[in-house]
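One structure follows; several queries about it will come next.
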Amino acid sequence: MIGTDTKGVFAIAPTPFTEDGSLEVASLGRMTEWYLDREVDGITILGIMGEAQKLRPEESLTVVREVIAAAAGKPIIVGVSAPGMAAMHDLAAASMDAGAAGVMMTPPGTMRTDDQICGWFANAVEAIGPDTPWVLQDHPTVTSVLMSPGVIRRVVTAHDACVMLKHEDWPGLEKISALRDWQAAGDMRPLSILCGNGGLFLDLEMGRGADGAMTGYAFPEMLRRVVDLSAADPEKAADIFDAHLPLLRYEHQSGIGLTVRKQILARRGAIATPALRAPGPKLSPRAAAEIDRLLARVEKRDPGCGMSLRKAS
Amino acid sequence: MIGTDTKGVFAIAPTPFTEDGSLEVASLGRMTEWYLDREVDGITILGIMGEAQKLRPEESLTVVREVIAAAAGKPIIVGVSAPGMAAMHDLAAASMDAGAAGVMMTPPGTMRTDDQICGWFANAVEAIGPDTPWVLQDHPTVTSVLMSPGVIRRVVTAHDACVMLKHEDWPGLEKISALRDWQAAGDMRPLSILCGNGGLFLDLEMGRGADGAMTGYAFPEMLRRVVDLSAADPEKAADIFDAHLPLLRYEHQSGIGLTVRKQILARRGAIATPALRAPGPKLSPRAAAEIDRLLARVEKRDPGCGMSLRKAS
Amino acid sequence: MIGTDTKGVFAIAPTPFTEDGSLEVASLGRMTEWYLDREVDGITILGIMGEAQKLRPEESLTVVREVIAAAAGKPIIVGVSAPGMAAMHDLAAASMDAGAAGVMMTPPGTMRTDDQICGWFANAVEAIGPDTPWVLQDHPTVTSVLMSPGVIRRVVTAHDACVMLKHEDWPGLEKISALRDWQAAGDMRPLSILCGNGGLFLDLEMGRGADGAMTGYAFPEMLRRVVDLSAADPEKAADIFDAHLPLLRYEHQSGIGLTVRKQILARRGAIATPALRAPGPKLSPRAAAEIDRLLARVEKRDPGCGMSLRKAS
Amino acid sequence: MIGTDTKGVFAIAPTPFTEDGSLEVASLGRMTEWYLDREVDGITILGIMGEAQKLRPEESLTVVREVIAAAAGKPIIVGVSAPGMAAMHDLAAASMDAGAAGVMMTPPGTMRTDDQICGWFANAVEAIGPDTPWVLQDHPTVTSVLMSPGVIRRVVTAHDACVMLKHEDWPGLEKISALRDWQAAGDMRPLSILCGNGGLFLDLEMGRGADGAMTGYAFPEMLRRVVDLSAADPEKAADIFDAHLPLLRYEHQSGIGLTVRKQILARRGAIATPALRAPGPKLSPRAAAEIDRLLARVEKRDPGCGMSLRKAS
């Protein structure tokens, strides 16, 4: 299970597909082990970067079961956001039955006012059940739903089972501080805050009081060390972070970002094939060459970073 | 099958649910017969007003099969729009196997430029297969995808199996004229144009060259007579239309509109229960009273319009 | 001055331009008298339908002065919304100096959360000064800023000089009821509510507790009678309203609506020329014919409605 | 004048204000000289980062005249985008009269389809006159107007005086390549491409065929060297770029970014005061400390980079 005191690094895992767009079931266990070998504290599956909305319900369930089976007891969080509450109920119930540590939810883009957002979460909690631990995903750059710190506090206060914030507002540093200041003043209960947005501000987010990272950058080793070193040696942590930032920025591009990430993960051996399920963009030869160049520069500046890459497919 | 010469009235049917949110299978056949009794030329199911995105895949298929079984050979069109091409393929294939006359598709809100829109339709046609007849739904007020007349022509020209436009741009009268002018000049191939948007401009759309209506206004009898009379007696058609416009306008409200429509359809006996599946708004007592008043005024101005209403639930 | 007890009909006036796009100063006084002849209680200028954002600052001021000079003491409200607070300050100060009854403000589309909206109004009140009476314009279909009833209450409570709500949310009937219920329960202070959105729901808005209309429909005579009759004879009010609804709906189209409205106002003699300043759409011959037809039908159903029209230009 | 062969670095300059929000006229000449001392090839003023939309027309003109007067003949480009064509005409005419090298324009967010965008530019060119050299600004992350490469080609082909693209789509690397490929194939005429987006992808944009940078990063020295070295020594250019990327990323945050940039520019002596005109966010003490830390790290990695900073105000 996850709780309000959960810390560390959760990897956002992609969903592996074959070139013809089928779910690549055989990769799921291996991919899970690959993440565990990089010492992540948990894995989040079926998020936006997991192409969750392109999966059939039975495929989603296969992903949940295979990853949990290979996770050796590490917590697995399952993204369950969907346009209908029925689908959210189904996937949440099946995931918890299968041994998930919790689920992750974010409202659709039509939710705009504070009251609409809080109302949607109330409906969602009714759908997944009041005892299912869940992560509030705050991701306006993709969902276009803007949640002020006050709205997050309202939601967290209303729902005991909300144990974690996946923070990926942009800009978002002041939001972390606002929540932590409220907690320090006794005006808000404890809450784990793990940061997303590809890790683009992870170095600074730790300084604002985040508990760690939950993101899919293709080098979880970097996330691990930055999170671990951030309190004791922030300059060292920043050196490691900065070495990866040029590549991380490239991976964090809207639209093409997941294609880049899967390409790198495939070259690193985490998944067999970099393919996205349709619709999804393809990598141009120029982009592939840019990735090669950025990877080489990461290796030069962070030599210990597991660079035995396979050839680009 | 539907074709480029299809004319008349297609009803957009809702999906009936019980009060607890279950699919009300027993209503499906009766609802279909209710529409046929009102002499519609066909029915479109699983559109936005059919709460399609809240359905489980097996529920969607149940709706398709039950409606087709009760349709006595009248053409049934199935909305298949979905975030992933796999889901679109599955539902299109199963629907056509079950005897559907065609499918309806509209791109997601992230499609913005002309090239993105055309590219999305190319992907979608690949998913449903090049021989499946399909309806291009142009519905910017809900999808926020804006298609210029030129884009519609590009899509129609590229895909032979696109036989119909469900026109619900707003404002949209000039768009109908632009397409019809191109066709008159030999610059665009034939295409059926049926109009949606709740019927809000149906009186004028017929004058611009539309082939009929495809919308869910709870009095298909009105749509039927306006479409039938529009060429021979446009003043008579306008009188009938105007009698319904105050109610139609009320039913066409964003957000609450489907709740209003299902309430009226339940009172007319088309469906057993007006409930929406969660998440969906409820009708306030004040709104229910407004509907009563508007219904009474329709009856006064259009007495022949099938007004044996059940009591509001 | 306007106050929380202001009732009746305020016309939203257009800004008249010549065919070459110059401000038509000579029309301003005549237009003002035209509205007064139709017994409006006040006039609102430089709103969205006044093409305010296309005016030079000195042109805005000319409009303010000419209209006030011709208004014979009737209250004139000036729209002052702008991207920068300096411009808002300038126009508000000059307008109040010139004898305006108050100003009207709405936030830009980037304001999303409740806190952002309330913060923007706090800045705006600082810019216009705490003693300037002002109208809160709630117009999400144009601004895309969604204000829940709770946000409106927060703004109204924070700013004593906010005396009126220009209500044009869509759908918006429940919002009026929510505010009126709070006032009835003593949970919110008095506030005038005048309704916009072209008048599309005016018949029902009065029943929900609105104080009147503030909109630009080209027949203020209809607004006048519907507002006056709504309490004493709602059926009669509805008959008058319904007679105009087909035309009103046509005038309320997004994008082209103001072009339609200015065409009718020019034909009625309110302004000399129907031209919009660039950029603005033109009326097609087909649309002009539709307006003719709709005008003829209004005249048939509401014969007393001032129909001595000039020929279309 | 600027032309299709313009290359190098154009600084996007802020507009300096005093703490009370007045235009700080005295800073304008000094700021201009500060940029020239950093060997920029030109300066762009009154862009989005110049808070242009908050300025009064006469203030805009003051900025234009003061900067041109101090520019020693270097080309000055003036942003003239506005909601109305009258304002665009006025500022463009006055700027060219005052000696500007050209103007910059981008459509409002309501422009969506290819035809709408091309139509807007046609109107805009009519407003500024067909002989005024102009820069097409493609900035979807702020304007939400998406222009495909094909639309840019249409606009460029239709308007001879469009000599430059300010490229700040995101992601945008493939767009540069698409335009350059068309030019190489003879399918599009020459066009200068300078890149914005704070410089976030400048290292790679140069490799795709960009002619340089037009952006406001507070260290134009970095832009200068990266642009100059990118062809001859791309690894050296990337080393310099990477040294600044952590700070550049911080400055490129939405909403708060300009506040950060003005803070750094004030500390570097480019402007006297970091204040934004209202409405604009303030820097928190935590953010100020983060900037200090990032500045110190830039100095460590790029020691030659003009780091004699003033104390934070």
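Per-chain numbering from 1; labels A, B, C and D assigned in written order.
Everything below uses one rule, namely that a residue touches a chain if its C-beta (ideal position, glycine included) is under 8 Å from a C-beta of that chain, and two chains touch if they have at least 3 such contacts.
What you see is a predicted model, and the numbers here were worked out from it, not measured in a lab.
Looking at which positions face the partner, subunit C and subunit D present mostly the same ones, since more than half of the interface numbers are shared.
Of all chains, C has its CA centroid at the greatest distance from the CA centroid of subunit A. Inter-chain spacing, taken between the CA centroids of subunit A and subunit D, is 33 Å.
Centre-to-centre separation of subunit A and subunit B, using mean CA positions: 38 Å.
Rounded to whole angstrom units, the spacing between the C-alpha centres of subunit B and subunit D is 47. Residue positions of subunit D touching 2 or more other chains: none. Contact residues on subunit A toward subunit B in their complex (touch as defined above): 21, 51, 53-57, 83-87, 90, 109, 120, 123, 126-127, 277-279.
Of all the residues in subunit C, the ones that touch subunit A in their complex are 112-116, 146-148, 150-151.
Looking at the complex, you find that subunit C touches subunit B at residues 170-171, 173-174, 177, 200-201, 203-204, 207-208, 238, 241-242, 245-246, 249-250, 253-257, 284, 286-287, 290, 297.
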